[in-house]
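Got a structure for you, written out below as structure tokens; questions coming shortly.
Labels run A, B, C, D and E following the written order; every chain starts at residue 1.
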Amino acid sequence: MTILSLEHVTKKYGDFTVFNDLDLKINEGEVTLIIGPSGSGKSTLLRCLNRLEDIDEGEITFHDAPIKSETHLRENVGMVFQSYELFPHLNVLDNMTLSPRIVQKRSRKEAEQEALSLLERVGLKDKAKSFPHELSGGQRQRVAIVRSLCMHPEVLLFDEVTASLDPEMVKEVLDVILDLADEGKTMVIVTHEMAFARAVADRIIFIDGGRVVEEGHPEDFFTHPKTERAQQFLQNLTYKRRKRL
Amino acid sequence: AKQGYRSVDDIKKDGTIKIGVFSDKHPFGYVDKNGKYQGYDIELANRIGKDLGVKVKLVSTEAANRIEYLKTNKVDIILANFTVTDERKEEVDFALPYMNVSLGVVSPTKKVITSLDNWNKNDKLIVISGTTAETYVTKNYPNIPLQKYDTYANAKNALENGNGAAWLNDNTEVLSFAKSTKGFTVGIPTLGSQDKIAPAVTKGNSDLKKWIDNEIKSLNKEDFFSKDYDKTLASVYGKEYKSTIVIK
Amino acid sequence: MAKWGFDLLFQGQNLSRLLEGLTLALYISAIAVVLSLVLGIILGIAQVKGHPLIRTIMRGYVHFIQIMPQLVLLFIAYFGLRAFAINLSPEMASIIVFTMWGTGEMSDLVRGAIVSMDHHQYESGLALGMSSRQVYIHVVIPQIAKRLIPLSMNLITRMIKTTSLLLMIGVVDIIKVSQQIIETNRLASPNGAFGIYLVVFMLYFISCYPISILARYLEKKWRI
Amino acid sequence: MRVDVILEYLPLYLKAALLSAGIGLSSIVLAILIGMIASMILYYRIPFLKRIISFYVEVSRNTPLMIQLFFIYYGLPKIGIATSPLVCGIVGLSFLGGGYMCESIRGGLESISESQVESAMALGMNKKQTMRYVILPQALRASLSGLVANMIFMLKETSVLSAVSLMDLMFTAKDLIGLYYKTTEALFLLVVFYLLILTPVILLGHLAERRLTYGKMGV
Amino acid sequence: MTILSLEHVTKKYGDFTVFNDLDLKINEGEVTLIIGPSGSGKSTLLRCLNRLEDIDEGEITFHDAPIKSETHLRENVGMVFQSYELFPHLNVLDNMTLSPRIVQKRSRKEAEQEALSLLERVGLKDKAKSFPHELSGGQRQRVAIVRSLCMHPEVLLFDEVTASLDPEMVKEVLDVILDLADEGKTMVIVTHEMAFARAVADRIIFIDGGRVVEEGHPEDFFTHPKTERAQQFLQNLTYKRRKRL
């Protein structure tokens, strides 16, 4: 079943067209990986999916119906960014419960209960009263992920959530996402961690220059990319010494 | 010199005497539109310079810092309408007086104040900081709320703008203000004791003081102050005040 | 015009007298700024690299200067120094106070700039084989200087604005001249206070605004 | 220096200090209010109003308080706008401080990264909720050191209020020097009282900064 | 031939001992890769090698002789850091020629000629007059590398030179280092790019807790790590989804 879909979407920044007439369906329970070179429009695509960016043409539908309101869409489509996005003036628990309380008008008690059980799941229950600056980068990203889960979104968007983490911490964050995949969460993920992408993806979408260049099953994509552009891209991830003295 | 002040010889040697005067007290000491000092005190200052045979450097002072200027020897003489009082005698030496003065009160014609008794607590009385007027009310009418200004210009502006019910100052000054400003009347022409205005020098500078005393004596002989009055004050006060102001 | 008292400007030498008052203010702040820059840089470096005792004394001095209103400092210099038999003309007193104040502020800026210099810059200089002194001369100081120029220009505007206080210690500055003009023409031009003070207001603005703009421009341009 | 003179002057200084601090504090409150409103207008780039605000900020920051007060107190009555010294003092100081506060708060607002705004929106908050719960609390903390510096600056500037015949610390000192000629004592008390007023603010500022700012914002 | 060696080196920060009695030899023409978890002392080790850090015990020898002076050592042991280390007030050419001129007293003309030819090699000749803030991160790091080459060092130390770069730029910088390896430069490299480490290394040194835990040939290390600690470390670089719906 399709939850979100982009139909004939065109997005421009001023004169610059990021994509033209793009189609994309996000199906329930599917993990979609979007990869592509820098500047190819991956972030823009995610941002269009929850309407952080306005689109110039085309339509975005949610459960096959036009979008009622942006805030309603965003409640149902959670998003986690590269980083720096916990609210630094609130402790972990308040970070997680702020939006459920003020947007969904849920009671503080109920919201906190759920937040605590989510924190427990990602091994951070003892950090509930800590402030973001007291956490490591990896811990912060785990909180950011469960924070967006608190809103019970139907789809989760991840935009390079490990890009600014120390290598040690990348693993702990990606393991949480793997866990969500195992649970059947619908997710759209942009990442540069190819080993992770290969493991987690149900479907890989390779975009370049604002177009979907190649789409397919991860094993096929990584072992036998069909297009030259994708081959070249994967090439960039390998190193070879020409001669050895 | 260790004591800091300058004797007559020092001044003559230097060729310039520094005299502290008002620059915003029309018609005693003020600056005209060409930037030149004018007024009753200024005439005397210039004459002193002439008789000493030195150049005169006029220094603009305000009421509250006249004593400081002498103490810190920023000037040799203060000729800024300086009333002789016992407290001030402790701090500076006065030469012979050259003018009579008493206090007076000016107020808007619409609501003339004729007595300081029964003062309305909500009204402010304007005085200038460091003047005998301030000392007088502080001593005799401690309950009158004061509004203090540091310059004549500010005080007059404030009175005009309605920031106070009346202004207490030297009667010469309030008379002149009432004459030059529409809508104001001197309700109390004299108040307190009759006082004298005299040049002042740094405490202990008896040499300069003696010279000034002699100078004033000889100026009196030639009726200098009478002429000074005619030249600078008559246009404001008219002839009739001459006998009250000028010391014979 | 007459109603608002602007007419006074064009009588006699009034306008040029006002400008002279302003020139005096600008002149005093210019001298003080130059002295503060030189002394501030020396004392600022001393605050980072100097003997601990010197550093403590300097910090105390900077704190005092920053806490005390400039007017209080002016009063102390002008009236207070008599206790030490030091006698200053009001102009001299203001130059000294402005310089002491500016030096304090400037040295603090210099200290801040040195301390906040990225440590990496220093290290990459060393890693290229430079001596500590060479790193200071070729890497640290040029970068600090660039950061300080806009900051010291802000100090200049603050000094110019502070010259308005000189009136209080008897410098015949632009405000005193305006008072004299208003006073002398009380009868002929009763609204002089409005026109003249407005003009003074604008003159100060015209003096400070371009410097502020330039400082902001340089700050933006040189922030890398 | 004579102790009896100091004791005699003490009540006068106390009264003056209360006036200075009172005007200072009420102006600080007003200035922060002005600063908040003005900085919001600049932050949201409200057309036309933002021009007026920019002009106001430039004028208030590039002219001395002394002249602002002279113009308000002595000049404006000539065109029919008269104020009492107290009102003039508060208006003048708030006018000056408002410009400085506006700049500090705007700096704070602008230091809040776009990603904070976006993550609030991604959690379903609307514009108002984002400002109220996410941007403003952070912006005020970020501008805290600037705000404290402005408060100190404004309290120092109260020394200029004597120009409009307010019996503040400065005027009291000057008046006493003029009346009784005890310069040393008068100046000594002046310094002491300014230290008394300003030191607590500085200490509180340090304390608040330590409590409310996190090592590195957002990191 | 051994160029640099650490013998029985102990390094402490206050009470905290980073390493104790460490031995390490850097041989001519060899590319040594140092890997290990965060905080294991990799950066400290590099910084000791060119004496940016003082050591507490032991000896550092250069060509089997005690070190004459620190500046002499640093002239011969170049170092490139994670980032932000070009001098922002100088253009690219001046950045490169400053040290040759003031330390080695070479003529400006000669130094500039060499700098230009090095810039050409890394494809940045047209940026000679640009200032650092006008360059991309990858360009800046390439300049930093050739800047240290200008001093003709015998050994080059690289400390995570690509850690703060966009993935696209990582490749362009690492390719420059691969090139230097092909040329036979003696280098000590700290990196988290394992694919690169595997390709470029002649020798891998795995450190943890300030001790050399494992040392060996890259292929051996990556395919059959001997110690449990190294196995665990490499484990962190792989991902596996438990179930797929």
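Please note the rule applied: a residue touches a chain if its C-beta (ideal position, glycine included) is under 8 Å from a C-beta of that chain, and two chains touch if they have at least 3 such contacts.
Everything numeric in this text was worked out from a predicted model, so none of it was measured.
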Checklist line | Reaching subunit E from subunit B through chains that touch each other, fewest steps | finding: 2
Margin query: If you apply the touch rule, which chains end up adjacent to both subunit C and subunit D?
Written below: B
Note to self: Per the definition of touch at the top, where is the C-beta contact count highest among chain pairs?
What the structure shows: C-D
Next item on the list: State the chain with the largest centre-to-centre distance from subunit D, centres being mean CA positions.
Entry: E
Note to self: Can you compute the centre-to-centre distance for subunit C and subunit E, using the mean CA position of each chain? Integer Å is fine.
What the structure shows: 48
Check: Roughly how far is subunit A from subunit D, going centre to centre by Cα mean, in whole Å?
Finding: 46
Check: What is the distance in Å between the mean C-alpha positions of subunit A and subunit C?
Finding: 53
Notebook entry, point to check: Roughly how far is subunit A from subunit E, going centre to centre by Cα mean, in whole Å?
Noted result: 34
Next item on the list: Could you list which residues of subunit D touch at least two other chains?
Entry: 74, 77-78, 162-163, 174, 177, 183
Checklist line | Residues of subunit E touching at least two other chains | finding: none
Check: Got the subunit B residues that touch at least 2 other chains?
Finding: 65, 68, 71, 150, 154, 157, 160
Checklist line | Every chain pair meeting the contact rule | finding: A-D, A-E, B-C, B-D, C-D, C-E
Check: In their complex, what parts of subunit D are in touch with subunit B?
Finding: 73-74, 77-78, 82, 84-85, 162-163, 165, 167, 171, 174-175, 177-181, 183
Next item on the list: Spell out the residues on subunit A that touch subunit D in their complex, using ranges where they run on.
Entry: 50, 52, 71-72, 74-75, 78-79, 81-82, 84-85, 87-89, 98-99, 102-104, 131-133, 144, 147-148, 151
Margin query: Under the definition above, what is the set of subunit B residues touching subunit C in their complex?
Written below: 4, 23-26, 30-35, 59-62, 65, 68-69, 71-74, 150-154, 156-157, 160, 180-182
Next item on the list: Using the touch definition up top, name the residues of subunit C that touch subunit D in the complex.
Entry: 4-5, 66-72, 75-76, 79-80, 82-83, 157, 161-165, 167-168, 175, 190-191, 193-198, 200-201, 204-205, 208-209, 212
Next item on the list: Flag every residue of subunit E that touches subunit A in the complex, lowest number first.
Entry: 29, 37-38, 166-168, 171, 174-175, 178, 181-182, 184, 192-193, 195-196, 198-200, 202, 236-245
